[in-house]
Amino acid sequence: MIKKMGGIVCLMILWAAVCTAQVWQAPDQEQAKERAKEVVPFVKEYQDDCRISRRICLMDAGVSLDDVKEVYFLLDNPIIKQREDHYEPVRFAHKRHAALVNDCSKCHHFRPKDENALETTRCSACHQDSFNPDHPERIGLKAAFHQQCMECHQEEAKGPVDCTGCHLPHVPDHKELVKLPDKPDPIQVTKACLECHDTQGEDMLKTAHWLWRGPSPYTTGHRKDILHGKGTTALNNF
Amino acid sequence: MPKKDVDLKHVAQNVGHSSRATCGACHFNGGGGDAIKHADMSRQLLTPDRNCDIHMGGYDFDCAECHKTRNHQIAGKSSSVPVAEGVVSCEKCHSDTPHYSGGLLDHHLNDHSRTLACNVCHAPVFAKCKPTKTWWDWSKAGDKNREVKKDKYGQPDYNWKKGEFKWEESGVPDYTWYAGYMDRVLMGDKVDLNADVINLTNPVGSIHDPLSKITAFKIMKGIQAVDADHDYILVPHLFPKDKDDATAFWKHRDWEKAFQAGMKEVGLPYSGAYKWKETWMYWRVNHEVMPAEMALSCVQCHESLKGDQTCNRCHQDNRDIDFKAIAHKGTDFSYMKSMGRDVDHLIEKTDYINFKALGYKGDPIIHGGRFKKLPMGYKAPAD
Amino acid sequence: MQITRRHFFRFMGAAGASVAVRPASAHAWQTKAPPDPFGCLVDLTRCVGCRKCEEACAEVNGLPEPERVNCQCTIFEKNRRPDETAFTVINRYYTGKVDAFDKPVPTYAKVQCMHCQDPVCVSACIVGALTKEDTGAVRYDVTKCIGCRYCMVACPFEIPAYEYFDPVTPRVMKCTFCQERIKETGGLPGCAAICPTETITFGRRETLLAVAKKRLKENPGIYIQHVYGEKEVGGTAWMYISSVPFETVNLPELPDAPAPKLSETIQHSLFSYLWFPVLLFGVLGAFMARCNKGDHKATSPDKGGA
Amino acid sequence: MAHKAGPMNRPLWTPGVLVMLVFMFAGALAIIARFTGGIGYVTNLTHARPWGIWVGIDVATGVALAAGGFTTAALAHIFGRHYYEPVTRPALLTAVLGYTFVVIGLLVDIGRSWAIWKPMFNWNLNSVLFEVAMCVMIYLTVLYIEFLPIVAEQFKGRMNLPGILSKLNSLVDTILQIADRILGKVMWIFIILGVVLSCMHQSSLGSLMLVAPTKLHPLWYTPILPLLFLTSAIAVGYPMVVFETTLATSAFKLDSEMHILAPLTRFTIYLLGAYMVLKIGDMLVRGTWVYLLEGTTQTNAFIVEVLFGVMLPWAMLLFQRVRQSAKGLFFAAALIVGGVVLNRINVFIVGFKPPLSENGYFPAVSEILVTLGLIATLMFIYRVTVTWLPVLQASKEVRS
């Protein structure tokens, strides 16, 4: 009886744990996710004015940081995902970029021709599907992001220019990829992993997490040493 | 080797990116349990409250998003151990001028960024989500009969295996100058037996060094054994290796044997005489960054701004600006208290940072900063 | 080679044309390019060398994953060519350009089958295993191939590769233009779909040509004023624009005449309706009759053959 | 007609033949390796250099050197110079064997040997290679038909198959009889057809390389390349007859056939001269002589080819003294044969320089062994054939 009770209690705790795990949400992230789903109407015609004119226009209009309402974006537009979806969304700190660049026209380079439209509009209003035969010179949203971000990061020598600097690749489903017998021993599993990830295996063997020691560049008197760490010389009082 | 009942096939078929859970499986449990070692990391971070940690709780960051890896080497330098494979800094993302609210304070705050580590203001208390150990007296260990008491957080004050503890929640960090480097006592290093306290890790920095910043630390204090003749820290053998282990402290409760075996294991001679000494370790407070609106306010450090005269000592602005409100804007400890945190003692506190201890003559608003003496027209009070 | 070959290319073209007009029985050579093919425009100024196209290509075509696909560290040190395991590769070239800090600026160039408008491989293939499709793709049909490798000899871009280590059923391996994918509406080649910077623009060749010319016109200081592949060997479905001379990124200088023109002209001039062999047969027969007159057993069996 | 061809009936297993066997064995091993490990396993071929000596020598050179067959046939049978008939049979045998080995060489070289029949059903009329293949296929058939009377002559009425096959003796014999009779009536068709087909594919072999203007060195790449191939093939026909007849007669210690060979080479002066004029004229007209002194392997190979393979032997043949001397004639003929061999190698291998993926090519040992093995087999079969079939001019007594 007691056993049974114990079992039920355990189950309840487990259930509760699962529930709370599902209930927990990061509020800012959820909000950004919702916003990322929006697809805005396509702007067919844009005003092709010089960037300098654009900038002066924005400055004259008094657009400032206070007008930046959207602090944070998750670049996860369905337009991009409908073709290929290999990467996890990019976090984009909009307001921080606005503050650092201090020139909205750097990104908001054109404006819609419609006079009633906002001075600045979303990237995805003009840049949507790539290779649109009706607008052959208009680059798609994915390319627009990459060209804009990477070009500027390179120019300013700031911010990541490599793929994983901004987003992680989706991990492919390993259900089919992993070929293992039932109840494999650890050696078999390691072998299976190394079949594809051999360089990663080599890399792993050189890391501090594997060796429990490594370089100690921030320890006075030992800055060139490579042997310190928990596995060798580190001391503690707990 | 993994536990027998782990279905490795299932594991292999479900590999993916690391998460807070995977990293936390080890790092949240440092020191032998949840939240014990690190001041700012606990299992609370698996599903953190937004106010507890804005990055993880607000934006759902995973560890590896800041601790970028290259060839499986994970960036980040630990305060406790020497090894580092790259550095993570707030500035990398937030830049050297991270304040851009557009408000009147931005300029002053960005100025502060040159002297203060971000977490001084943005994580003003450590262990805000869960109490952490701050005192650990090994010399008391071994008494299986001692009655274990619970403190106000419900944490035990004693464990016969480990000794006597103290716990702290929402603790005020210690502040010291730090330039990114640590002095460390490593295995076999001589220590001063006559000193009151031996610092196993000690931040390097100076008020005169422009690259040093005031940085928040939790100090892990404790008492541990030192070889009385060789003057180095002793390493005891604690975990019994197997059933026949004849020396492990957690089996035989004999320090003498435990030291002999432990030092043999690490290959250093043991004189046979040991001494209990107080040792400190500095642990930098890096995580549990609070939302911007909960940062310390000006007045919490600068007592000079507490009265009616605040910014208008210098700024004769005739616009309708409430300087006082600006100076007081910041963490509301009473709000934190209402959320169940033990921050009673911090409400109304205005000497959050002990300027004198840091080498200032006093509040820099009155006495001038470390490199700039503001001609405020006030005569500094005699020391 | 000190002497430019362009001069000789022109000569060839003229010679080919003159051969073409001479025999009355032969038709003038005509292009067999499809009317409105697809194409791709590669803008080398946009390529960042991420090699995603290589990865996507391998995935779409079931090829082995490219070497070190997430690490561009050493792969660019050797100049690679497409081979039987990779239909496209990216190479890095330092063409002497430097940035504001005097650091050499790399140019990345993608290599793949150019899908010529009048592909010489298609003309050369003995069994017609290679065909120019309406989509613009040059398609390879392994069921016809005999493995003679004449297509490889012929290709001016040195693209077709061969499974040299397959003893019995080797295939010619080259970019497929993702023919199966682009046939469908909205379908894209794997590389174009994944390219993060739209270095590769996919579309109708005519449209792309207009786009390319517009880009050249609008950015005269950036681009070399030439669309590579517009006219080379009679035009290619894949075209390039660049800020560095095309020779420096291993895109060869080629004559404008379609590569199959000369050999096909000669072939068809001499062999259409087999007029020439038949004529030759007749002439020789006449000779034989005349020369062996009176020698009534000219070809008596005991002479054996020729 | 005083001459009569007959079997040699000499001992087969001479030391020379044993050497051939060694090469045949080594070649066989290399071919086995090719069909187990793939072409890449035994050759140095690359994606940029898809054709090596198997095409350059086994096929292109093989076809060129077999030209003796159609040139002598044209001379003796079409143009009625029956005086030269004694050399037609060895030339025919060389052609039969040469083309047979061209096909065998192709079977080794093409990746999907089992699919070699496919061109018969998948026609690409634009393809030069298709035309060559069709011509070679038909011509090989024609050659076998032309050769059949020789077989018939030897075995007609004398069929003596061993063991159980002896029951077929009469049947085979009847077939041979009928074939011989019918063939006698229509042989003229095949003789002319042979010449026409030869002209077609000898020239088309040159057209093969016209598809690669950027890869073949300008010294060789010319729109008249097919014409050059045809004229050189015609020019090398008689020297090849001289070459092999001299070899055969000296090997079998037969009478030298100088009385036929010497006048035969008078034609060569015109034929080779025509080729020389075309070749040098082409160089001058296109202005490619500017490359001559570049000093690269390719230009040097061209100079050697023209100087020693064309101009020198042509000049030698102008002298009657050379034409009358067995040694001089053989030397000049060998130079011409060598010149044409070098020309084919130059066009297909040396002069072929893919500009993008520049990598040198030198055949692998196993690749060479296959070629040598095939040549040795060819010579061995020639030897076997002339031993038992009436190909060569029989001994003195018969002739007198």
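In this document, chain identifiers A, B, C and D correspond to the written order of the chains, with residue numbering beginning at 1 in each.
Definition applied: a contact is a pair of C-beta atoms (placed from the backbone, for glycine too) under 8 Å apart; a residue touches a chain by one contact, two chains touch by 3 or more.
Here the structure is a predicted model, which means the values were calculated and not measured.
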Hopping only between chains that touch, the fewest steps from chain A to chain C number 1
Common touching chains of chain D and chain B: none
By CA centroid distance, what chain is farthest from chain B? D
Tell me which of C-D and A-B has more C-beta pairs in contact. C-D
Judged by C-alpha centres, the chain sitting nearest the middle of the protein is C
Centre-to-centre distance between chain D and chain C (centres being mean Cα positions), rounded to whole Å: 33
Report the inter-centroid distance (CA atoms only) between chain B and chain C in whole Å. 65
When the centre of a chain is set as the mean of its C-alpha atoms, what distance in Å lies between chain A and chain B? 29
How many angstrom lie between the CA centroids of chain A and chain D, rounded to a whole number? 69
For chain C, which residues are shared contacts with two or more other chains? none
Of all residues in chain A, the ones touching two or more other chains: 164
Which chain D residues sit where two or more other chains touch them? none
How is the touch graph of the chains shaped: line, ring, star, complete or other? line
Chain pairs in mutual contact under the definition given at the outset: A-B, A-C, C-D
Residues of chain A touching chain B in the complex: 20-21, 24-29, 32, 64-66, 72, 91, 93, 95-96, 98-100, 164-165, 168, 171, 174-175, 178, 180-186, 189, 192-193, 200, 203-204, 206-209, 213-222, 225, 228-230, 232-238
Of chain D, residues touching chain C in the complex: 5, 34-41, 43, 45, 47-48, 50-51, 69-70, 72-74, 76-80, 82, 85, 88-89, 91-92, 106, 109-116, 118-119, 122-131, 133, 143, 145-150, 152-153, 180-181, 183-184, 187-188, 190-197, 199-200, 204, 207-215, 218, 221-223, 226, 286-288, 290-291, 294, 352, 354-357
So, in the complex, the side of chain A touching chain C is made of residues 83-84, 86, 130-131, 133, 136-137, 139-140, 142-143, 146-147, 150, 161, 163-164, 199
Considering the complex alone, what residue numbers of chain B touch chain A? 1-2, 7-9, 11-17, 31-32, 36-37, 47, 50, 54, 56-60, 65, 68, 71-74, 77, 80-85, 93-95, 97, 100, 102, 133, 136, 138, 180-188, 200, 204, 220-222, 224, 233, 235, 279-281
Residue ranges of chain C in contact with chain A within the complex: 46, 48, 50, 52, 56, 68, 70, 188, 192-198, 201-204, 207-208, 210-211, 214-215
